[in-house]
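Note that the chains take the letters A, B, C, D and E in the order they are written out, and that residue 1 is the start of every chain.
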Amino acid sequence: MIDWMGSLQILAVPLLLTVSMLVLVFADLLLPAAAQPKGNQGPLSFRDLRKAQAEPVPGVQRADILGWIALVQLALCLAASFVAPQGVLPGGSYVHDAMAVLMERVLLVAGILAILGAFGHVRQSFARRQGEFYALLQCSLVGMTLLAGTRDLLLLVVAFELMGIPLYVLATFAKTDKNAAGDATPGRKSAEAGMKFYLVGALSSAITLYGVSLLYGLSGSTHIADLARIPSSPLLQVASALVVAGFGFKLGLAPFQFWIPDTYEGAPTPVVSFFSVAPKIAGLLALTQILLGGLLGHLQLWLPGLVGMSVVTMTAGNLLALPQLHLKRLLANSGVAQMGTMLIGVFAAATLGAKGHGLSALLFYFIAYLAANTGLFLVIETLAHDGSEPSERDLIASLSGLNRRSPGLALAALVCLLSLAGIPFAVGFWAKLYVFLAAWEAGYAWLVLVAVGVSVIGLFYYLRVARSMYLGEPRVTTPVRSPLTLSVAVTACALATAGLGLYPSVIVEATRTAAAAWLH
Amino acid sequence: MSAFTLTRVDAALLCCAAPLLSFLILGLTPALRRTGRIAGYVSIAFAGLSTLYAASLLQGRMFAAASPPDIGQVGWLYAGGKLVASMGVQVDGISASMLVVVTVVALCVQVFSLGYLHDEPPAALGRYYTWHSLFLFSMLGLVVAPNALQLFLCWELVGLASYLLIGFYFKKPSAGQAAVKAFWVTKFADIGLGAGLLVLYVFTGTFDWSPQAVQLLGATGAAWTAGLFFLAVMGKSAQFPLHIWLPDAMEGPTPVSALLHAATMVAAGVYLIVRTYPIFQAAPGVLVFMTFLGAWTALFASIIACSQNDIKKVLAYSTAAQLGYMVSALGAGELWPGYFHLVTHAAFKALLFLGAGALIHAVHSNNLQDMGGLWPKLKISGTAFIIGAMALAGVPGFAGFFSKDAILDVLLERHLFAPWIALLAAAGLTAFYMTRVVMLALFGKPGHHTEHAHESPPSMLAPLVLLAIAALTLGFAGTSLATAAGHEYAFHLSTSGLIASSLALLGIGVGWLAYGKNAFVPGKIPAFAFVQGIVESSAVDRSFAWSYRVVFQGVSGGVAWFDRYIIDGFMNFSAWLTQMAGERLRAAQTGRVVDYLYAVVAGLLLLAAAGFWR
Amino acid sequence: MPTQAYLLLSAALFCLGIYGVLTRRNAIGVLVAIELMANAVNINLVAFSRVWGSLTGQAFTLFSLALTVSEVVVGLAIVILLYRAHQSVLTDSASEMKG
Amino acid sequence: MAAQIAFGLIAACMLSAGLLAVTSKNLVHSVLWLAVSLVATAALYVTLSAPFLAAMQIMLYTGGVITLMLFGVMLTDHRHDVGVLNASTRRLPGILAAGAVFGVLASAMLGVGMPAAPAQFDSSTAKLGALLFADHLVAFEALSVLLLAAMLGAIVLARRHDA
Amino acid sequence: MTGHLLDLCVAAPAFAALLLLFVPGKHLTAVRLISLAGALVHLAAAIAIAVSYNRATGGVQMVSSHAIVPSLGIALTFGVDGWGVPLLLLTATILTVGVFASWGLADRARDFFVLLLVLTSGVAGVFVSLDLFVFFLAYEIAVLPMYLLIAIWGTSNKVAPGGPFKFTWKMLDIGGKEYAAMKLTLMLLIGSALILAAMLAMYVEAGKHSFDLRVLGTIHYSPFLQSAGFIALWLGFGSLAGVWPFHTWSPDGHAAAPTAVSMLHAGVLMKLGAFGVIRIGMVLLPEGARQWAWLVGSVAMINIVYGALSAMSQKDLKYIIAYSSVSHMGVVMLGAATLNINGWNGAIFQMVAHGLMTGLFFALVGLVYGRAHSRWVPGMGGFANAMPIVAVCFTVASLSSLGLPGLAGFVAEFLVFLGAWQAGQPIWALAGLVGAFITAVYVLRTSRTIFWGDGPSHDFHDLTDAHGTEWVALGVLVAALIVLGVWPRLALDFIDVATGDYLPAVAGKTLEALR
């Protein structure tokens, strides 16, 4: 007899998210036209938008109603994650354990930050599609939250796609650009970004699926735990290579990372702030599930390749970020390097398992990365809102003299930058340290040395951004104006980055509990 | 003993403290310092106090010659709770007599300076006396030092005072150069003293020069220590080839030359040998070297002195020569003659310099050619100068005669013939060039500079008179001085004494013929001209200049270039390389999605291959 | 039939797909090739389902079908958008962002 | 024997259609060749005792995907009537890459022993349904969300007149 | 009551910085006064620590601990030892003086003081932290603000292209202040990376799940870790201490930095590097230290002579002083390499002495530069006529730098050279003495060129002597130099206690044998 109520409770968060998504879609449909933004009779001209932007306090507006609904929904889901019981779904395809709970919360926070950051952008660029925008975001979140607890290849694949497909759409969401005259033109960059993202993604998902199909064929079961039964064979090796390669796309490991800078550059910034973090976290978690939960016995099949990939990824990411003048491209490549570093945590966990800190270090890194990376992308978004010249939008130059214009914003950005660079008293430092410590304990001293070595390159470009903020001459001296919600999100990220840097033990303990639960 | 009686240690401390106090008062109260003359009075008062204490100490030692030295010290450096070095005072016959010499000469010079420098702006005068106080304190500290470390400390401080006082006319570029040169040369030599101290400590665990320490040193240690110490002595006491700074140091005011660069500071090198004599005695090789080097310096410097036209330079070279005498004597293996010459030399050389100062003061020029015929106008100063000159020349009865005689005697006694002959030659030359100076300056044809010359004020005359008396009488005090210092000395007319006196008289005679009677022109005598030519080429000076310019600056320039363009260049190159790597790698990001798809497939293949190659 | 036959067939189809993906310039052509790859996956799944005598593989295939379809749907929408923005569906035509 | 022949035919058909699909110079032809390949796959499913899947394959793919793709072709290129250009470039690197992947896959596949298929295989649609809605219910629901998302996404992207 | 003195000492500057964040930048007086207050509280706390430290018992005192990450064994543990006391006092002095020296700064003064104070907290944190991790954190905090401090308030220099790497000039803007700041930061952070690696290795091998220095100090590490870890720590910390050839950030960095920053950086920060080598590298990895002492000492020897020779050829005043710092830090490292009491005492004493001396130097350079608007030494002359106090102070600093007795530099150098000779390395000591001589050559020449002679020429209009706060700054440093030179036991008695605590284990001998 299946305990339906129990199952529903276990699945509370994904379910609630699904419901939220549906509510949002219907709300979008049913919302009276009056609640829609003014320019809903045809294409919104940018002149109107400028007027709307000129309003003194860009606070809560009726036009943002769907956004607020989505936000409240996510907050409710976050609350639900505190009451949803832990347990195993009948059939064992989904386990809601401490780690799943923790990751759910992290992902939901990522979603909340993205929505907070998106208000202004949505109103400005795709006001009429905001229902779909938030709904797709939530769809993706459903997939991610499922990924956090899945123990079944089938569910994993579906959740993975559920996470990914809405992101293709979101990356392409900016269907219009503003040309020099201020008129709307078809969004060339966004389309290009979406196309690249999609094509590489589709190829990768085919590769992943092929690998998964082989894994299924070898084990005869879709349970990840059953993968451990497979005898070692070349086919298993190829299958794991296929899976890793497929995930490599989502995680942005070299050489699967080329789409990342192009897509980040072209996609709407709030979306980038979301999909530069959340899917990577969820993807790495899923990969970890497969590798550690299923293929741990076949370490020698996948570990060498993955280790090599992590080295290449860290190096390539840092080197590619070095010459970038475009902030989003810079962050994209730096994110690649960060993922390479995160992988080290997986190796540590693979080698030492419950004895080491690998997994909890990985989880900690997720959180650190979320705070800092999202924060920075939202700073970019804030600046894009400030009516900067389209020619220099998102360039490092647009940050020039930020400290003189808005010291608070500059400080927030600085904190996040330092965190990404792994400078002490920002949470990123603890994350790196924790991962390195775990890896060192697991015997990956050389890898740590490599990681530390290439991260020095990272300092160079992070400092260059800081330099621009603090040393550059501002083009205008007025403070940066930004929607209140965006400021709240940026502040939250910066505070989290700094606060957790000062007092990391809360999170460390949480991740340890979570990791311990997963490792039994 | 009454309650007011000071112990000798206290007296020595007070003796040192008085000038220190003066230095602090003047240094810390600019208002007082800038009054000039009042600052001078303060300094003189404290120097006088010092002199009194010094005199009392000497007097005390006279009657306690046999008693062990009075030592008082406090711990200064510790290592692991164990004493490494201490500071304090050691009063014995040597230091007590030296204290008197130093304080008396210093007092004389300070008083003399009041008159000599009366044209200086008050602020400069105040500065002058401040440095003088500093010097006096340092010198006294050196004299009473109970161990080699304190001696070294004060040694360097007197060097500092010398630097500051040479550079008194700091606006004159030549003065600045001379000050810096003096510091450089002595600092270079002090590498030896520093290293010697280290050797001393490493071997013995103390900086003492006690017999026990010498025993611990052993032959090797003693040789190293003495050799290194002697390097420092060469610098401070202007021995060849490190004498080059001394003539330049004459850029300082003449009283300074009298005090530092004739009577006391330059003698510190000799004093160092005297104090650490047990160590030197354990290093026979060094002693031999000292004998020969001292003799050579004496001869060499005397030759140069013959052709100098600057009255102070003559005296400066003569100082180097006389220090050569002392060094040579100490190298011969007996302490007292060298030290005795130090004391007498202090008196008559200070007298000579102050006398020269009086002459210069009168004509406002250092140049002998500008003087001449001053005798009628400067009877007292002139007399004093002549007394000094005779003392220096070693005319029997004058102070220099006794000490020089003792030196020559001891050399002969030890069968060190070559140095002995060199020193005899030098004695003759000394008499010659002093006669030359006296003839040219006092008795020659009056020039236009001499027209307005007039006798010095009493503040300048009094010291002259005092020192002249000392130069006349000190020779006869030798015995009691030696007794106080625990040595034996009695004058007896010896062979070398007779030869030396005859040579001196010969020198005077030749000098009188050449410059008094103008019987012949020395420059026209081929041998003399030849030697003069060599000397005036100043080969030593120029080789030093060359090594500074070429070796030093060349090497440092090379190092700086290497640092900037090779080491730093390499750092820059690494940064450049990384950035270029980034730029090049960027080319892989073509922007065409097909290439990205290829990358995916390639990555897949690599991953699969990674397993196969395992 | 030996299982390997099905596997090789699917591998061949998969590689045809890869070939297509790598050589096609038209975005829709690339989609076609990706469909072939997805199809190869399905063959695998069904064959394994038969091998293991369990229906899980078939169920998996159903999911895979649906995934592919939804992917194509979104893909085509993106291609249309690309066409609107760049007046071309050639993948090379959109290569403004690089480096 | 019949099974082998059937497999051979189907495989030949599938691969040649696939080859044409990725080489044909006309995009429409390409799509149609894909359809042929997919239909052949459906036939293969039948031989693998998965008739329901075969039906789904034809319905979903041929009915859905192919139609969509044709729509896509028409919506995107109006310049030519039927012959939509679909040139291939850089064939040799493509062949090399694909061949290498095939080499890796094939060698791995031949090197592994798979259990022989059981003679009997009960593949009733009812059981499949039970499996779908019991064991894989969550995945199924997730799939439905996914389809909704894809629909939403496709609409929102393809819709013309909005900002 | 003494329990929180350390916390106060470390936190006071940071708290002042925090306060400053709430003061509008245009209220210059408030900004200055708050900074000064922070510095003075810091100084007072340091003095109180010195007074309450019990030299008789020695060891680490006033220990307080708050866990930060218990599961990793990271705790905010503070405690002060005999080395910490004088170094804290040095830090506080330099900070106070630095605040005075920057009194006139008006351009973004608030930001400047915030960074300066934060940096000082980091420095103090290093000196008193008993947790390796916190040590590292504090170290980084001390290093990082330097980037902005130099890049914003610094000055650019011209460096003529040349040498085999000439082609790098175009890309790197060599000589610019941002170049200097970036170079400094990158090189020091590369060093930090090495430190981090060694730290992790020690933590893991110890297996105690603790970063407590007292715990880690009891572990006997494997020979490989001893050896490799020590090298990593030496180079890592050494890059901050200016160990050759990783000193090249120093000349450019110091030349570009504003006055107070140069003072703090050369005066205190470089000491952190040397302190790290001794306190972490040597004390925790004694076998490594013994194994590599020859290398450390030999490189230090190169530092001394090479730095001095490089300084000789410089024409820019700041470069001269910066290279002299490279040379003098060599003395510290040389002392460390001796592994005997005198050497170590000398090394720590040299940290203090050089801190005061170079602080004074940079304060003076700032003064001269501020008035003359030039650092080109050959162009100067006769400045003593216009600025006698500056001339006197410069002379004092020069003399301390060349090791003149009676000034602090002498005691330090002498002890170090003594230690070197005792360690059986007369060559080290001789190189040191030669270095002191070369130093004499260039500092005296420099001082003569700038201050002596007739002048100043008409190019310099507004040369005025030090006044007001500047006077205080100079006076304090000169007095400290003289007092420590005359009576070194003020600092040495503290230093000696800690040396006695740590050295026997490192040298592998009893204290008795070491004496």
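Keep in mind that, in the parts below, contacts are C-beta pairs under 8 Å (C-beta built on N, C-alpha and C of every residue); 3 or more make two chains touch, one makes a residue touch a chain.
None of these values were measured; they are calculated from a predicted model.
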If a chain touches subunit B and subunit C alike, it appears here: A, D
Most centrally placed chain, judged by C-alpha centres: E
Winner on C-beta contact pairs when B-E is weighed against A-E: B-E
Averaged-CA centre spacing for the pair subunit D and subunit A, given as whole angstrom: 31
Interchain centroid distance [CA atoms averaged], subunit B/subunit D, Å: 102
Geometric centre distance via CA averages, subunit C-subunit A, whole Å: 26
Distance from the mean Cα position of subunit B to that of subunit A, given in whole angstrom: 78
Multi-chain contact residues (two or more partners), subunit B: 575, 579, 586, 589, 591, 593-594, 597-598, 601-602, 604, 608, 612
Residue list for subunit C, restricted to those that touch at least two other chains: 7, 14, 17-18, 21-22, 25, 30-31, 47, 51-52, 56, 59, 63, 67, 70-71, 74, 77-79, 81, 91, 94-99
In subunit D, residues with contacts to at least two other chains: 89-90, 93, 97-98, 101, 104-105, 108-109, 114, 135-136, 139, 143, 146, 149-150, 153-155, 157
Pairwise chain contacts, counting only pairs that touch as defined: A-B, A-C, A-D, A-E, B-C, B-D, B-E, C-D
In the complex, subunit C residues that touch subunit D: 1-9, 11-20, 22-26, 28-29, 31-33, 35-36, 39, 42-43, 46-47, 49-53, 55-56, 58-59, 61-63, 65-74, 76-81, 83, 89
Residues of subunit A touching subunit D in the complex: 2, 11, 14, 18, 21, 25, 39, 42-44, 89, 91, 93-94, 125-129, 132-133, 135-136, 139-140, 142-143, 146, 152, 154-155, 158-159, 161-162, 165-166, 168-169, 172-173, 175-176, 184, 217-218, 233-238
Contact set on subunit E toward subunit B in their complex: 159, 162-165, 167-169, 171-172, 174, 183, 186-187, 245, 248, 251-252, 306, 309-310, 312-314, 341-342, 345, 382, 384-385, 399, 402, 404-406, 410-411, 414-415, 417-418, 421-422, 426, 429-430, 433-434, 436-438, 440-441, 444-445, 448, 451-454, 487-489, 492-493, 496, 499-500, 503, 511, 514-515
Subunit C - residues contacting subunit A, complex: 7, 14, 17, 21, 27, 30-31, 34, 37-38, 40-41, 44-45, 47-48, 51-52, 54, 56-57, 59-60, 63-64, 67, 70-71, 74-75, 77-79, 81-82, 84-86, 91, 94-99
Complex contact set, residues of subunit B against subunit C: 586-587, 589-594, 597-598, 601
